[in-house]
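Same chain, two partners: chain A is paired with chain B first, then with chain C.
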Partner chain A sequence: MPFNTLVAVSLVYVLFLFLVAFIAERRARRGRLRFLYSPWVYTLSLSIYCTAWTFYGAVGSAARSGLEFLTIYLGPTLVFIGWWWVLRKLVRIGRTQRVTSIADLISSRYGKSNLLGVIVTLMAVAASTPYIALQLQSVTLSFGVFAADTPQFWELPNQSAAALWIAGGLALFTILFGTRNLDANERHHGVVTAVALEAIVKLVALVAVGIWVVWGLADGVGDMLARIDASTLATWQLEPGRFAGFTFVSAAAVLTLPRMFQVLVVENTDERHLVTASWAFPAYLLLMSLFVVPIAVVGLERAAPGANPDLFVLTLPLSEGWGRLALLAFLGGFSSATSMVIVAAIALSTMVSNHIVTPLWLALSRGPAERGDVRGLVLTSRRLSIAAVLAMGYGYYRLSGGSEALASIGFIAFIGAAQVLPALIGGIFWRGATHTGAAAGLIIGFAIWLYALFLPSVGETGLMSAHMMDEGPFGLGWLRPQALFGIEGLDPLIHALVWSLMLNTLAFLILSMLSFPGPVERLQGVAFVNVFEGRSGARGWSRGQAEAEDLLSMAQRILGAQEAQLFFQAQAAGQGIRGFLPDPTPDFLAALERKLAGSVGAATAHAMISQLIGGAAVSVQDLIAVANEAQEIKEYSAQLEAQSDELARTARALRAANEKLTSLSVQKDAFLGQISHELRTPMTSIRAFSEILMEPDLPEPVRAQYAEIIHEEARRLTRLLDDLIDLAVLENRKVDLNISVANLHDLINRAAHAASSTRPERAFRFERDFPTEHMAVFTDTDRLVQVFINLIANARKYCDAEAAVLRIEVKRRKNRVQIDFIDNGAGIPKAQQGLIFEKFARLTDTSKAGGAGLGLAICREIMANLGGTIDYLPGQGGAAFRIVLPLRRRGDEPGRAG
Partner chain B sequence: MTHKQVLLVEDEPNIAEAIRFILTRAGWGVAVEPSGSQAIARICEERPAAVILDLMLPGRSGLEILAELRADAALSATPVLMLTARGQGRDREAATAAGATAFLAKPFANADLLAALEAMAGAEPATGPATGPHR
Partner chain C sequence: MARKATPLFLARRSYRRHRLMDAARLLPILGVVLIFLPGLWHPADAGRAETASALIYFFGTWAVLIGLAGALARGLAPALDAEDEAEGSVPATRGEA
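After this line comes the complex of A and B, so read on.
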């Protein structure tokens, strides 16, 4: 198998993965998600648990230490079958609290404390870096096998360059598909689909090699069993301590590894998928482990002495001349490594950016009121974090010399990740667990892990001298890293596991019992522990001072304008309010906080809202609700609350209706007065000047001037009558629409040109994005242009900025188009926003505006006739109007009959 | 000889021009103030013999201006002719209640305007014959 073919095949495979991810992402965006939501994709994505370490390493481990490799399969199997309810609880909590990572879960549970988020993030980065390095090493090693003439010689001429290319490619893939959406709960469909595909490739590869070994090299199952009996594996003795320890730590790791948490909880689209995964994932693991022993036994029989057993999966087919099988095995290993690195990088970058970068930025900037694009910041920091995570993995690979010192890194990372276990399990089952306890446990466990396991693992060249390993620091024997408190003779892994987790758990329990949880912590504790008991309840906000408009402008900067507006609109609709600004009720604030938490993590979201609310925290009612255990009281108060909610909603609706009626009646009176005024004013000029003109001895220039005034006023009168008739026709839906097709871009141009006669002396600039405007619309184009002209002319007339700028943004939304007109003036005061579309609602009340105040009323009626809407869009800085129009006006809908 | 002064508070420039022309030709000195909020200050400053006040003004309504004028001891005697374009009975009542000396609905005959002003500002014509030497 020529090396170049291998490189070509790998490149094609990588391109294929890009394509798959791209297609899945596109399907997801068009809402065609059917197969993406399948429990099988979910189950397959869980298989990132099987990294290159298990793909290649399991055979190596079997060759060296017999059936011990089974522990890494056994642990997760026990969790998925026996501890299914723990998984379900985690997934439920993850969904209700919109958790973005394991660090976010811990931080959110213990009072939205960012300190805990930072601790868990640092631990995760420290534990994952060598693990990522291990993946890079496995891929370069497997390249090396093909590059060399003999399988024993796998030194690639330029190995670190290969690793660098791989790290770079993975960073690119992860950034492309891992940071498309900000909201971690929006899920990375492209990545998950690619990972699921890779899961199939690695399973097929390993099973294919296994079948070939059993029925190709050996003579079927019977012969295989005989060979196993004859091999050194048969003499393997179970070491109960190591076996139990490794099984336990594998079980813990499947819950606490950042990448496992990512696919298990964050990327979960449906809780019911767990039902399938609970048996299918163990079955997958079983299949992965089925042929490990046969491959190891045959490998030991046939390989040259000294060959690396970690690479039997590759070298065995290669040395027997089965190049294509070896290639398949290579792709399997490649898939295992890349899928792990991609998901780990996403998980770690989310943690780093949500718990370290964003809070730092928040602390350094003066507050959310300041303008700035948080969304851009978070996305950039996530992208940089991905690059940094992979750079660190690569750096570690170079540092450790790509040696076999990496072999035990898998378990080292597992034990590091397992330090989160006490705080995690305690947090979801024990309401007494506190922030102090969690922090102490995490720090102690992490410190022992670093000291007793991680630092010594870097090797003699690394950070701990042989002297210190043998004698302890400063000659203190009881502090020897691998024999703490004088307990010697333990396996270093088990030694570190026992000490770190034991002291971690003890510190967590004791300090939790000694310390007292804060109010937010209590609420979160109840929300987590009692997640299955109906209303997930914890509302942290008493009614605050926040203006909905401020909240909207903040939310827009985090979620993006479109999504924030949709969310606010939906919340407002839930309260029975039309428009974009719901009342800032505690329920709304809690919902908003959870929504924001999905993007920037619980702690940051909490901090941002408190800055706007002014430090409002937990209400007495909420605390009483927490303290009250009696189910009846709870139910009763829930009923009362539902009733009073209902009443409040009705009262609000009535109040709104009443206000509307009163103002309508006032308007009706005003309407007659207004019509009279608007008609009589030009008439007055006309009558007065025509009487003057009737006199004989007027100088010619004066006569001409006055005739001109009469003419001008007569035209004004005509315009007004035209508008009134237009409005009457539109309101009765008796208008004949003249549907034709046109390019939206051309229509906007036409309107901009036609409106240029309004205050032409004034500097006025458009901000447009031409490429987005090109699309065909089937509608009454003249009517649509009339609306555009009105909005542009209004901006030219009323925008009070020194350098007036009108931004026109066009966005396509499925079969509708949304056109926003946003100027940079002072905007329209909230009290007036509801009135501007009414007739004669000219805000400035001056005839200098030129029109009679019918423009926006006509616009609203035109849009209704075209099957679309026009609304005022608050919170944009200046005056902003949003037009939504169907791209194709349906012929069977000739307007509502009046 | 001095002309009798009248202050015209009217925001529509064309109407103001028409009234200015009619009154000037009849021998009045006419000052025009387009803004409601400046009206009182102009009256204080110029002490006109009469005020013609539009009801709907930007900044401040004619009724408010009238009320303040009547409440001011130094100015309360000034005769005020109220103009309105809304022409509803209610406007006339409101104007009378606020203390308007006379009331005229738009559009008006030029002769009616002149007659109302002169009736209000004293029976004698302002200054000499309308076709005086100054024409």
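After this line comes the complex of A and C, so read on.
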């Protein structure tokens, strides 16, 4: 197998993965992704558990220490067949709390404390960096196997260059497909599809090599078993301590490794997928390990002494002249490494950006009033974090010089990740677990792991001198890193595992029992532990002083304008309010916080909302509700609550209607006076001037001038009456629509031109995006232009900015088009927003407006006739109106238009 | 409505479902016992070639556990849909209402 072919094949494979991810993203965007929601894709994506360490390393481990490699697979098997205990609860909590990472889960459970999020993030980065380096190493090593016959290509500089290229390519892929959307609860379809595909490749590769070994090189199963007993593996003895310890730590790691948590909980779309994964994922693991021992035994038989057993999967087919099989095995190993690195980078970057970068930025920038795009900031910080994580992996690889020291890093990373286990399990099963306990346990466990396992593993060149290893720091014998408290003779891994997890758990339990949790923490404790009891649990916000409009402008910066507006609209509709501004009830605030948490993590979301609400977030009543655990009362009060919710909604709707009626009636009275006045003024002047005209000897110029005035006043009267008639026709839906096709861009141009006569003297600028405007609309174009003219003229009239700017944004949403007219003036006060579309409404004095206040009322009726809507859009920094228009009216065919 | 018309059927089915949940909770415990059993019976008389049989034992146990988990998964899938009944600890408050 020539080396160049190999490089070409890997490049083609990588391109293929990009293509698959790209197509999956596109299909997802068009809503055609039913296969993506299958439990099989979920199960396959879990296979990132099997990294290159297990793909290549399992055979090496079997060759060195017999069946011990099975522990790595048996631990997760136990967790998955026991899904009813832990996994089901984790996934449910992940979905209800919109958890974005394992750090977010811990931080959210213990009172949305960002400190815990930072601790877990740092631990995860420390444990994962060497693991990512290990993946890079395994890919470069496997390249090296193929380059063995052309060594000039494979000097060390070239190896590093290869690792750099791989790290760069992975960073590119992850950034492209991993940071598309901000909400971590939205799945990364491209990534998940590519990972599922790679899962199949690695399984097929390993099974193919295995079948070839058992039925090609050996003579079937019977012969194989005989060979196993004849090999050096036959004398393997099961060491119960190591066996149990490794099984336990693998079981813990499958829950707590950041990348496993990402695919297991964050990317889960449907709890029912767990049902399939509960047996299918163990079955996948079984197939992955079925042929490990045969490959190891035959490899030991045939390989040259001193050959690296870690690479038997590759070298065995290669040395027997099965180049294509070796190539397949190479792609399997490549897949294992790349899929792990991609998902790990996504998980770590989410944690780093949500728990370190964003809170820092929030702390540094003063208050939420400052306008800034948080969304862009978070996405950028996520992209940079991905690049940083991969750069650190590469750096570690360069530093360790690709040495053997990396080989043991798998379990070291597992034990590091397992430190989160007490806080995690305690957090979801025990309401007494507290923030203090969790922090103490995590820090102690992490410290012991660093001291007793991680630093010694870096080697003598690292921080631990041989002297310190033998004598302990400052000659304190009982502090020797691998013989803490004088207990010697333990396996270093087991030694570190036992001490770190034991002291971690002890600290967690004891301090939890001694300390007292804060209010938010207690609420979150109930929400997590009792997640199955139907109640959404923690509401956490007493009625706040926040203005819904402030909340909306904040939410827009995080979720994006469209998503935030849809969410607010839906929440308002749930409260029986039309428009974009729901009342800031505790329920609404809790829902908003959860929604934001899906993007920036629970701690940050909580902090941002409390910035706006100001002060204490939990009321005494809420805490009493927590303390009150009697099930019947809860049930009963839940029913009452549902009823009173319903009542409150009706009452709110009634109150709104009543307020509107009252103010309308006041307005109507005012209008009657006003319309009389409006009618009388021109009438008076018409009468007066016509009387003058009756005088016989008036000079001709004066007569002409007076006639002109009479004419002008008569026109004003006609216009007013026309408007009233027009409105009456529109309201009765008796209007004849003249449907035709037109380009939206031309219509806006027409309107802008027609409206230019309104206050022509003032500086007025349009901000438009022409390409988006080119769109065919099928409607009554004259009526639509009338609406546009009205909005533009209003902006020209009322926008009080020094240099008035009107922004027109056109967006297509499915079969509707949405046109926003946003100016940079002071906007419309909230109290008036509900009234502006009513007849005769006018915010300023008559003389300035020069009309009877019918414009927006006519606009609303026109839009209703056209099958669309017009609404005031709050929180845009100026007066903003949104028109939504169907591209084609329902039931209208081009043929019978008109 | 249809539920109340066939109370006997409902009781039976939810009873069976609860026992299935018990089984699902017990399965990992059975798994732990089976996987750590060899640690008990391996005496320290080194030198006997029994890795092949240990291999068969582990993979056999593993396959049995997967099979049992698969069978339980089939039975439990409907329990996730009927979420109210899924929690054995809370006696169907809503059914009585």
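We adopt the following convention: the second predicted complex is superposed on the first by the 839 of 898 C-alpha atoms of A that agree within 3 Å, B and C clash if a C-alpha of one lies under 4 Å from a C-alpha of the other, contacts with A are read in each partner's own complex, and residues count from 1 in each chain.
Following the convention adopted for this analysis, a contact is a pair of C-beta atoms (placed from the backbone, for glycine too) under 8 Å apart; a residue touches a chain by one contact, two chains touch by 3 or more.
Just so you know, these numbers come straight off a predicted model, no measurement behind them.
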* Look at A:Pro240 in the shared chain and tell me whether it touches chain B only, chain C only, both, or neither; answer first, second, both or neither. => second
* First (chain B), second (chain C), both or neither touched by A:Met683 -> first
* Touching partner for A:Glu713 - first (chain B), second (chain C), both, neither -> first
* Asked: Given the touch rule stated above, what does A:Glu691 touch, chain B (first), chain C (second), both, or neither?
  -> first
* Considering only touches as defined above, state whether A:Ser250 meets chain B (first), chain C (second), both or neither. => neither
* **Contacts of A:Asn794 with chain B and chain C, given as first, second, both or neither** => neither
* If you stack the two complexes on chain A, which partner ends up touching A:Gly673: first (chain B), second (chain C), both, or neither? -> first
* Looking at chain A, does chain B or chain C touch a larger number of its residues? -> C
* Structure fact -> In chain A, both chain B and chain C touch residues none
* **Residue ranges of chain C touching chain A (in the complex, touch as defined)** => 21, 24-25, 27-29, 31-32, 35-36, 38-40, 42, 44, 46-47, 49-52, 54-56, 58-59, 62-63, 65-70, 72-73, 76-77, 80-81, 84, 86-87, 90, 93, 97
* **Contact set on chain B toward chain A in their complex** => 11-12, 14-15, 17-19, 21-22, 56, 58, 85-88, 105-110
* To do: Quick one: which bits of chain A touch chain C in the complex? Just the residue numbers, please.
  => 66-67, 70, 74, 77-85, 225-226, 228-230, 233-238, 240, 243-244, 247, 271-272, 275-276, 278-279, 282-283, 286, 290, 293, 532-534, 631, 635, 639
* Asked: Which of the residues in chain A end up touching chain B in this complex?
  -> 672-673, 676-677, 680-681, 683-689, 691-692, 709, 712-713, 844-848
